[in-house]
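Here come two complexes built around chain A, the first alongside chain B, the second alongside chain C.
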Partner chain A sequence: MAQTGSLVHFHGHQYLRQRLVLSILSGKSVRVDKIRSDDKNPGLRDYEISLLRLLEKVTNGTVIEISVTGTAILLKPGIIAGGSVSHDCPLSRSVGYFLEPLIMLAPFAKKPFQLTLRGITTDDNDLSADLIRTVTLPHLQLFGISDGLELRIKKRGAPPEGGGEVQFLCPIVKQVKTLNFVEPGKIKRIRGIAHAVRVNPQFSNRMIDASRSVLNRYIPDIYLYSDVYKGEESGKSPGYALSILAESTTSVIHCSEAVSKPGVTPEEIALTATHALLSEIRQGGCVDRKHQNLVLLMMILGSEDVGRCRMGEPSVRTIQFLRDIKSFFGISFKIVPAEPSEPSSTELLFSCYGAGYINVNRSLA
Partner chain B sequence: ALATFQSHSKRKARKDWISLIYSSNLTPEQIVNENAANESPANDPVDDFFHIRTAVFANDDDLDMTKEAISQDALKEWEDDVLLESIRNLFITGERVVPEDSHK
Partner chain C sequence: MADTDQQRLLELLHAHGQKFLDSFDLPSPPTKKRKTHENHALATSNVVEAESDEEESEWLGFGGHGSKSSYESDNETDNSFDQGDDGFTASSSTRLPDVIVFSDTQSKSAEKKIMDTAQKKAFMSSKASKVTAAQIAGSSSVKKDDDVDEERTNLQNDAILHRLLHTKLLSGSLHPDLNLSHAQREKALAGRVLELSGSARLGKGEKITRETERNKAAKRVREGLLRKKEERDMAQIEEAKNLGNYHPSLKKLYDSEKSETGRKKRDRGLGMGIGRFSGGTLTLSREEINSVTGRASRGGRGRGSRGQSNRGRGRK
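Then we have the complex of A and B:
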């Protein structure tokens, strides 16, 4: 990474989404070179180009230059316009790939977002529409972004053909609240969604029974919902998945998900999701590993005060995200053990001084 | 299984995350996987003339996935009842941990 004036320079295609988001929020241009330059098929992939197109749609005045070979891009950010936008996502990635960066941008837009995305709604790579609705959006509420925040799953779309449709509604804010989230509490309830499309509807009940066989021992407040879509709403391909979340007495949410694979029974899928949830709970902290980046971003954008959050150890993505935040905003986190007197504890306390980020786009409205 | 759980939570020494993240040249993968860091070419005696270039990832696209790949082997340990019981204290039905100095 190199930085000259208001241009931040990276190499390689990794972490492209987070760098584009940080560029737009910070107002600094970003240049990325050597995008798969050693690959047999060099340059940007179809989903990356589609994401750039989507960013162009939701912003105003953004200039994106792509080299002839597709191995280098330059993005000069404009303002986040928001408003009503619809986009067809390629079938190589799910709608989650596109929604994750937009969720980070949407609260700071000029107009409230009404974004319609079409494509695959659940896959193995990115957050599914169910997890975004039930886990990601509640994380935004920690920062005072709540009224009118919604994700509607109009149609489900399983890979490979997709056919799903989601609508994301997000209000705008002037400034996000400072976070002070250090009490993990104890798990008080478990919720889940077992969905099945274009397969036997009994599959979702089989997943629920298998998951309950493990979880019933812990708490009585377990509700796993069977969500069966039929006809046009069920997309173009068969598939099923189980998304589960555990909520603590202090509103900490841990989540996991497993998606159908050829030759794997619904019971095995359910047990994979359930055991992954138990691993997440054991990891501890107040934020799920999949949502560390979102929370850390909102913390640095918070008002000029010290924000604190207790988390498990950072993931690979989170470590690079912390470095990228420093490159764009010049803010670094203080990271100390959450329980210094307990050597066995791996939980960490992340704290930072907020940048006092004001949504200037809103005042232009 | 309980031993596995304990070994999971116990570490030889606490990492200095601030210097690892902000002041080191280690890649995020090397920071997370300490073994990889120890085996990095920088720590090995290398010949001045020959440099072995090793690929860190088989599939570079893995990096832009939000969901981490679930290791079936790691999840297998949850088939053990002892391990399942070991996290009961994280639920409201688990035993309440009373601090030692609460009687004072």
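Then we have the complex of A and C:
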């Protein structure tokens, strides 16, 4: 798969995940150097090493070279093998950190994915397992990846000790569908999940009440569920969190979440999450800000046709992602204001011509 | 005076009863009361009014205001009795604000609860398709009748399309979603062609192509293939036995090869030209009789039955 002579070069430790994913999908080798070279503790962190190990497990023929100081890596991608893989994630990042890149790779594997990840299921850096299940996976459905797409939260694990376990199942596809998603619609329902492990179970009810106190004035269709995990299933550390999502008439999903912090009441956590949801909805567009990357990636991998998607302002990560796409696939997006007549609107219309990416790893029929 | 006193009491009782009935909003026009009122209107009106105050305090429990107004209107109409009847019916209608409607919330909430739990289950399900499908189902229940009708016609159209697609002559095996390998697809196609041309029964075409292909192989290979097949069948039976869902009567299901050839029944007894001799009798089958008499089996039977029916009619 690795094409000799095609090497993409980057500096710095940021955006490592998306670069590795793009490298594996495009088949171009990637070299990243100056990884925290000015830091007191230079080189790759344990979670980054762990991610590299995981990528090595799910692929076949990948060559990863890390320099002695750990400040430079070279990755020559192999094929995405898939199959059943299990991985123990370090406690420095949640399983969301590892799942996000794998969700991008999984549909293009040789065999359907059956990935078991153990560690922290919810933290404040990455998407929690709940949001991945209720928001990220439905985003994949837009591209025709739906049958057998599953995320089972077997055990929850709160930081710092973790002890959670999730199982991710993903079917394989030959090619993803072209997206045409320009109608944001109106918000019609709000759903949420509050969970509390190894603390008073009333905490989730307190969060739900506090969140409802804000949301009730907007729409009537609000259901916030409290998810109960007991005993072994609740992990090793105490913690609680609230994740909320709002769905529109055209099935646009916006989401937000907040995780317990020491010395903060559940009510405040719930209000943080609720206000974050409202500002997320205020951003507009058809795709949540945390999922812009995923949608854009699937758009360029679509069939050779013009895909369109309306989004809010791109996040910093998204902007860099667009640049990286250009260096790996040579595809750039056409970005125009969605409503040129309204100067106050910040929504943008992203359109691109798909690469016609076909899953060559798939065992041939 | 005793007579009038009694009448007054009776009147009070009537008033009381009327008020009681009125509190239930029954359309019962008072008849007798009117007449008594007419006779003794002037004489008793003050007294009744005086009594009414007491009763008000008693009946406050039933919705004080309404009853009071009705009673007052009753008293008011005492003086001008031409409008009396209307007054009464009107009084029952003025009661309306007191009516407390107890709607049938019980069943509704139960239904809603079931829907809620179903929604929750779907939302908390690990399958991504369920998370979104449940939300679609929830919204569809609110749809108007027109939409439902449209959906029905759409469904019908879908069914027609499905039938069209799946009754195509050759599409079955060529469908890309089957994920057949190239060789498999080719054999399936050849078999389908055989079936369509009528040289194989439906569903047996592929097998025949496979068998002819097998016959091209060397003897050793052919025998190996057959032996392997037998082994597979045995293993399948063994597994079924272990699972406990085997019964000798199901043997046919498991012997894929033998059931098809259909072993011929051996003629027992002495063979003597025609028929068979067993247990001291010569047994002739119907075909054998027909072969001698030269009648087609069907025609003979048909005639026979007709004759019988005629006879039956004749007896009648």
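The working rule: the second predicted complex is superposed on the first by the 357 of 365 C-alpha atoms of A that agree within 3 Å, B and C clash if a C-alpha of one lies under 4 Å from a C-alpha of the other, contacts with A are read in each partner's own complex, and residues count from 1 in each chain.
Methods note: a residue touches a chain if its C-beta (ideal position, glycine included) is under 8 Å from a C-beta of that chain, and two chains touch if they have at least 3 such contacts.
Quick caveat: nothing in here was measured; it's all calculated off a predicted structure.
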Have a look at chain B and chain C on chain A after the superposition and call it: clash or fit. fit
Answer with first, second, both or neither: which of chain B and chain C does A:304 touch in the superposed model? neither
Name the contact category of A:344: first (chain B only), second (chain C only), both, or neither. first
Based on the superposed arrangement, let me know which partner A:134 touches: chain B (first), chain C (second), both, or neither? second
Report for A:335: first if it touches chain B alone, second if chain C alone, otherwise both or neither. first
Touching A:147 in the superposition: chain B (first), chain C (second), both, neither? second
Touched partner set for A:227, first chain B, second chain C, both or neither: second
I'd like to know which partner A:188 touches here: chain B for first, chain C for second, both or neither. both
Is A:218 touching the first partner chain B, the second partner chain C, both, or neither of them? first
Counting residues of chain A touched by each partner, does chain B or chain C come out ahead? B
Superposed, chain B and chain C have a smallest C-alpha gap in Å of 13
Doubly contacted chain A residues - partners chain C and chain B: 188
What part of chain B is in contact with chain A in the complex they form? 5-6, 8-11, 14, 17-18, 21-22, 28-29, 31-32, 60-61, 63-68, 70, 72, 74-75, 78, 84, 87-88, 90-94
Using the touch rule from the top, collect the residues of chain A that touch chain B in their complex. 13-17, 36, 39, 45, 96-97, 100, 124-127, 186-188, 214, 217-219, 249, 257-258, 271-272, 274-276, 278-279, 281-282, 284, 289-290, 313-317, 319-320, 322-323, 326, 332-335, 337, 343-346, 348
Per the touch rule above, chain C residues touching chain A in the complex are 116, 119-120, 123-124, 126-129, 131-132, 135, 139, 176, 179-181
Spell out the residues on chain A that touch chain C in their complex, using ranges where they run on. 133-134, 137-138, 140-141, 146-147, 149-153, 188-189, 191, 193, 223, 225, 227, 247, 251, 364-365
